[in-house]
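Please go over the structures that come below.
Across the two complexes that follow, chain A remains constant while its partner is chain B and subsequently chain C.
After this line comes the complex of A and B, so read on.
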């Protein structure tokens, strides 16, 4: 029988990470009036998920799943399709970056993958704003400033993800995962 | 390819993407790049002026040269808003004798789905500074300091129709 790309256990883990992104988006708020500051949470989660399930497509699946959940919960300010696509693209962007950068436990690689993912999300919002003609909040605030915010918080999120992964490794989580797989 | 080269490639890609986004946005919103490559002036079509549903003229760049420019500093962003009095524009095509203080003047933008309904009394009063200014993209916009029309949200950008109804 043909082996499935993701095992049931891996799919369970990815679904858990997706739910964690949505919960983080709802529950965690930083008192920063800066565009993209929530990226510090969800890019960290996406980077961790890409190493916990070390297969290309894992981050994309987390993005897609969290996007579906967020769309159903009515999150986002530009409608369900925008929410679905922006969450999904955050995962796809991180996934594509990790194909090039490979090691999400490396601080630089993780930070850059975080930037890619977060920029992909930014681009979806930007393109939607252009098509709809209704400027997204970040356009009104100044696009360059908003883009800089997305890059900064994407990088911080990626870095936080790498820190988490190293802590998980020290705690023996990956040895535990090898046994479970 | 070693790790350093991969990181360098990623940084280059991010810089290129950010640059592309900013360049496209600059063109789209009439920023520095737009002004560098596309010279100023009326870049759009002339704006038709109607009186009682009949077109009495089209306000074009050549017509604007006949009028004197005025301006004011807007209170929100402290920017100078400069252009031609709407009054002067209308009087290029209409006789003042045909206009009463209660004559309705509508300045509209179909593309923005916005309009400003005014009276000739408001328009004729110069201290109201009801001006047709030009945006960075070379499109006309209605700006003013008159109460009820003194905020950016109330201004009409991309004006494509001026209507006078007696």
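After this line comes the complex of A and C, so read on.
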């Protein structure tokens, strides 16, 4: 029988990570009035998922699943399509970055992958503005302040992901996973 | 009537049960949404006509209050864009950008507010998405409530032992982020444990069986064909309309 790309366990695990992203988005309110601060948890969980299921596409699948869930739950201000695409692109961005950077347990690589993922989400907003026909300069100006927040929280999210992975390794989590392929 | 579905105690799903679109096949709704989202590429006159027809359709589908709520969320962005476009470029551009943004923001709400996740999964399987992936999507919806309660327990437990306090500012960002590890580690471990028990349960029920047949299948009704052909007719009419 042909071996499946993701095993059933890996698929279910990624589904639960996607649910975790949505729950973190709804339940955890950090008292920060800055754009993109919720990205800390998103990016952390996406980075963790890419190491726990070490296959290209794992982070993208988490992003896509959480995007569909978020669209159903009515999260986001710019409508369901924007929500779906931004969550998905966060996963795709992190995935692409980790194909090049490889090691999500390295603080620098994880932070950079977090920035890429979060920036991909940000790009969706920018592209929406472009498709609608808004002047490029004006959209760029409007989003410039948010951009700094997205970079900062993307990097912190990636850093949190790497910290979590190291803590999980110390706790023997990966040995536990080896038994459950 | 809005039904709050039991897919979790957090932001529960709001399915509009009274909408005539509720009984429509999810594939029909998906096709309508995709066609409507392409309308953003139309020029001003055509997009204005489409906008009027779209809102008439939403009123018929009893989805207008939800769509208006969505637009209300965007009020500041729309207002600023409208004023700046008017002043900097032209009034025509201001109107067309506003109409396009309103359409893009609201168009998929038509699908998500009248379709349940299990119906979406059936539509995905019909679109040749492997059943395992569609099932895992449904599973993540079912898990939201459980994960939410576990998340809250972790939060309470860590607060009680003084291991977590919410960041109050970003004076020491690295220290603040290290503090958040006390939430992510147990959440990831619990998710893995739950995924493993679900895997065992799924195998016990023949999840990977090649002879699996769906319990429920999608069927296009006359109403579906009527809506699809009506939408296609209107779309062709708008596209072939020659502007003076």
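Observations, loosely collected:
Please note the rule applied: the second predicted complex is superposed on the first by the 169 of 181 C-alpha atoms of A that agree within 3 Å, B and C clash if a C-alpha of one lies under 4 Å from a C-alpha of the other, contacts with A are read in each partner's own complex, and residues count from 1 in each chain.
The rule is short, and it goes like this: a residue touches a chain if its C-beta (ideal position, glycine included) is under 8 Å from a C-beta of that chain, and two chains touch if they have at least 3 such contacts.
Values in this document were obtained by computation on a predicted structure and should not be read as measured data.
When both complexes are superposed on chain A, chain B and chain C clash. The partner that reaches more residues of chain A, of the two candidates chain B and chain C, is C.
When the two complexes are overlaid on their common chain A, residue A:72 makes contact with chain C while staying clear of chain B.
When the two complexes are overlaid on their common chain A, residue A:103 makes contact with chain B while staying clear of chain C.
In the superposed model, A:116 lies in contact with chain B only, and not with chain C. Shared contact residues of chain A, touching chain B in one structure and chain C in the other, are absent.
Residues of chain A touching chain B in their complex: 97, 100-103, 106, 108-109, 112, 115-116, 119, 122-123, 126, 130, 143-144, 147, 151. Residues 7-8, 10-14, 37, 40, 70, 73-74, 77, 80-81, 84-85, 88-89, 93, 96-97, 100-101, 104-109, 111-112, 117, 120, 132-133, 136-137, 139-141, 143-144, 147-148, 151-152, 155, 166-170, 173-174, 177-178, 180-181, 183-185, 187-189, 191-192, 194-196, 198-199, 202-203, 207-208 of chain C touch chain A in their complex. Those residues of chain B lying in contact with chain A across their complex are 3, 6-7, 9-11, 13-14, 17-18, 21-22, 25, 28. Those residues of chain A that touch chain C in the shared complex are 4, 6, 8-9, 11-20, 22-24, 26-28, 30-32, 34, 40-41, 44-45, 48, 52, 61, 65-66, 68-69, 71-75, 77-82, 84, 128, 131-135, 138, 142, 152, 156, 159-160, 163-164, 167-168, 171, 173, 176-177, 180.
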